[in-house]
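Each of the next two complexes has chain A plus one other chain: chain B in the first, chain C in the second.
Now for the complex of A and B:
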């Protein structure tokens, strides 16, 4: 299938900066570099896992991808169409195809509206016809995500976290989108429920031919669902590649540290697996370090890393690393 | 389970039903509501009372003579003290329909005037509350949702209003408008119209409503469910109407009794200073002013409307507190800062 090679969403050196404070505040006007120089391609039918610590800009990137935030720099293309600076109303037709599931289902569902009404909202906006057809479609969506149509008349507070996230998913897929950005869809849920939701998302992907951008800080979840993985650190992508390859042979020191932190059931003799423990804290995105942004915490940092910022280079088809001395195998 | 699936979607108790069930168990709030409703009902029956008593509460009756227990009694009694100058109006007869609370300095039935005055006080307070809530909410919604320059301009305008002491502003506005009314284009308000105090009181309290609403809208604007709606392509006005407004209605409802109480006090103050309701029309404030001169001889004329204001305001406040506890347990809305 050539369809799988065609990019659906593409970012080129995308950046998002927030200004905080004013000229008059004590520290003056400052800039948060939340997302910096991200170039990412998402192809039809795949699941791109985006991982990184909390605060590394994953959610900001997610919101930029669906243009909930205005993009400061760079370009965002949807099927080759430049949507970087389209206005809200110009984006409206696109929303049918580009959807998002939020992290906290108790915050992303309006507490004052019945869940059936919430799921019906996109159908009403995008010109689905009669009330009866909408109700029928909502009932169908509820069944699709494993809820009873009977639940339609309830309020969000009457559901468990997992059920609420199902409502959020139903709303996102209501218009048969092509791409769904999942912003930590399971991190607010119990571990037992996480697996159910991950399975549901996998089923839906197959049934509805969806493309996912799956954001998480939990690597084991991402490994389970992703075809490709991008590792983020302080607003930038440091490594990208096929999921299994990145997990098996991480090339960037940061990826190695992240992956070595995943708890696993030991099948290899004890000690075979080396745990890399990072020292120091994530630097503030207000004052990103010079050169490679990871150098203050990197065990193999050299002088060059302090002054020169490594680019995300493709050293093998599909494998990209932003490091001056990657661990290549 | 299967029988459940086949059934029609069942409506469950929404947040409103839950809140009102909670309110119904609040005895103090319910008792206050009852007291207030009785006062409202009594005031709205003012025309009926006047008709039944056969008295005109707006006309002076200085030479009227009434019968009490078969004896003729003049409404205005010539003073017997000192030089014998001046008149003392009749005191309370405690007979319903027949100068129950006595007469005022013009020989008018105080009971009938009390009811008519209450009617005006309630109408003005109620209409001013609606006025304030409509414009305050609009300003708060627009400033909070659209932000940017719109927010800056609106907020600074509200700050200017807010910067004035309420009564000073209300009194200044009243004094300017009370003599010749307002004429803006096709809208013309006569000088004696009740609309004058309504609009003046309505305007001065707008910032008290707009500011908390703006704050809430600002927070809601960045909530995930509003982001979700934007992401679904819901137009801005629809988000305001369907997602944001329903989440501030509890605050608005809590505002109603509290604003109403504040407005009644403001109205009485303005009317007491002769810059609210204009004679011969009555309000509780004007009756107190009338009674001021009779404080030594007929203290009830000033006391009873004063008591009526106090009871109504207290009932509204207690009910408002109960309403807030039921609807918005975490809210910090408290009115009045002086």
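Now for the complex of A and C:
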């Protein structure tokens, strides 16, 4: 088994449900099925991209992967080791290998502390290193993410969005993690700055042998960074496969609709591309539809789709789809 | 000619000194034409359109230049006169539909209010019109939707309600400020489709502000690219995307990862970030980030010239 085939993180029928309301509220206690029956394998050195509309559960899944949320059902394995219900103190040694970068760097950085200090924080918590070593490491990290050493004494508000995200990334890689979960890391940035961060993430991955789980709603960005893609709809994965393949020949109707909806720069007259416009909205995860959860919006839904829920099946090595009548190529 | 803007300048007095948010913007808009305005945050795309709408009420702001709507000068028009135009002949759609709707009234009531204010029709007449409008923006069940409150609708539906409101008085000019930025691509596709259909039906002229080159390419007839308060390039859609001339436009197009075909190993990123309007660089504002800058760029600001497809760059002129 080569290193790249070795799973680093695995979920088995993972589910996350939230309870909302009380027995005194109008509808009583209800359950939100945010993530439902997700089995996903992340292998060493790859980038798995999670895509889907807002509310499809991709961020919830990301938070489950780093155990920021407790998992309701199913299993989470880190290098084969079951970490589903490990206590916080048991998780601590793992945390240094499993890091996360958030969407809004101005919300995830403490505005009252200097950024040098913020980047040093994980080092202080996890390593028993001296002050001098910490300073040296922070300087090294700043260089790695493209910040200047004299930026260390500044506060987060003194930076632009792109630079703040660099600080967020420096913090995440401070402890030499193996896996970094990136939740919409470029979505809040200006277009001209997005490409810088995408390139930076690619460079870091190569240099530090990182594995990424990358979430973004911008599909072209996800395609650029990912080796594999998982398309989520209403809490479940509906299609999975190599990034370029899924984009070129999506098998699930939902993936087709999603990809065809992306506006692209064309020099030919508009409308040359075939587009599937979905009607209706994403159903509420409070009352997920019966059968295939996509059937109320699916243009090719049949009777079977209303009653029987399709499983995520591997129809070709590396390609999985959850549909009764997928478009196979 | 619906709209003709000439040498528009907007500056704000701030604590840290004067900020020139818009520095000499000119453009024209014909009937049933869609103009795409592209730019990053701070490029002045929103401020220039707020100026057109007469919505800059900040006492620290100064507006210079000329904004002519159907030949009538809007700069300096008394607020009462402006109010008669706004919402009636000129309508606006904002990025966040939740802030454009009041949470305490139903969708139907809010749209009807606007119709009654501008047209002076009876309440029942207005309500009839609302139902028509909601059907036009593809509400599956318009009659029922009228009695809904904004919080009961999804983001896409709210934006459709705002569009219905904007269309309620058949505006000749529709200004849309990033109306799809907060929406999913699937919903966005539907809204863009709607804008296209409405343009065809009502012959409204549309100014569509966005940071997404893809959206512009799908929707606009003509495109205007803005950077640091100035127009850096303008042209038709085809000119802009098959022959981008300004280094900024080129860089912006190069930094978008492709959705099909070969993946580039690295994206062509633009170094640095957009400049602060308080500390604009000497000469061309894009100079410090520009791959082809040379001495003249630091000496003076390049002008746009008069041709239809023009770029404000010394290298191009």
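The criterion applied here is as follows: the second predicted complex is superposed on the first by the 319 of 329 C-alpha atoms of A that agree within 3 Å, B and C clash if a C-alpha of one lies under 4 Å from a C-alpha of the other, contacts with A are read in each partner's own complex, and residues count from 1 in each chain.
We adopt the following convention: a contact is a pair of C-beta atoms (placed from the backbone, for glycine too) under 8 Å apart; a residue touches a chain by one contact, two chains touch by 3 or more.
These numbers were taken from a predicted model, which means no experiment stands behind them.
Colleague: Clash or fit: chain B against chain C, after overlaying the two structures on chain A?
Modeller: Chain B/chain C on chain A - fit side by side.
Colleague: Does chain B (first) or chain C (second) touch A:202, or do both, or does neither?
Modeller: A:202 sits against chain C, while chain B stays out of touch.
Colleague: Would you sort A:257 into first (chain B), second (chain C), both or neither based on which partner it touches?
Modeller: Second partner only.
Colleague: Could you tell me if A:248 is touching chain B, chain C, both of them or neither one (first, second, both, neither)?
Modeller: Only chain C; A:248 stays clear of chain B.
Colleague: Is A:277 touching anything from chain B or chain C once the two structures are fitted on A? First, second, both or neither.
Modeller: So A:277 only meets chain C here.
Colleague: Go through the superposed model and pick first if A:191 touches only chain B, second if only chain C, both, or neither.
Modeller: A:191: touches chain C, not chain B.
Colleague: Using the touch definition from the top, say if A:219 reaches chain B (first), chain C (second), both or neither.
Modeller: second
Colleague: Mind computing the angle chain B to chain A to chain C from the CA centres, in steps of 10 degrees?
Modeller: So the C-alpha centres give an angle of 80 degrees.
Colleague: Compute the least Cα distance separating chain B from chain C in the superposition and give it as a whole number of Å.
Modeller: Value for chain B versus chain C, nearest C-alpha atoms: 13 Å.
Colleague: Quick check on the output: what are the common chain A residues between the chain B footprint and the chain C footprint?
Modeller: The answer is that chain A has no such residue.
Colleague: For chain A, which residues count as touching chain C in their complex?
Modeller: It comes out as residues 53-54, 160-163, 190-196, 198-199, 202, 217, 219-221, 223-224, 244, 247-248, 257-267, 270-271, 275, 277-282.
Colleague: Which of the residues in chain A end up touching chain B in this complex?
Modeller: That would be residues 63, 66, 68, 88-89, 91-93, 95-96, 99-100, 102-104, 107-114, 116, 121-122, 125-126, 148-155, 157-158, 168, 171 of chain A.
Colleague: Which residues of chain C touch chain A in the complex?
Modeller: Residues in contact with chain A: 40-41, 140, 154-157, 184-190, 192-193, 211-215, 217-219, 237-238, 241-242, 251-253, 255-260, 263-264, 266-271, 273-274, 289.
Colleague: Taking the touch rule as given, give the residues of chain B at its contact with chain A in the complex, in rising order.
Modeller: Touch residues, chain B against chain A: 4-5, 7, 9-12, 14-15, 223-225, 227-236, 238, 242-243, 246-247.
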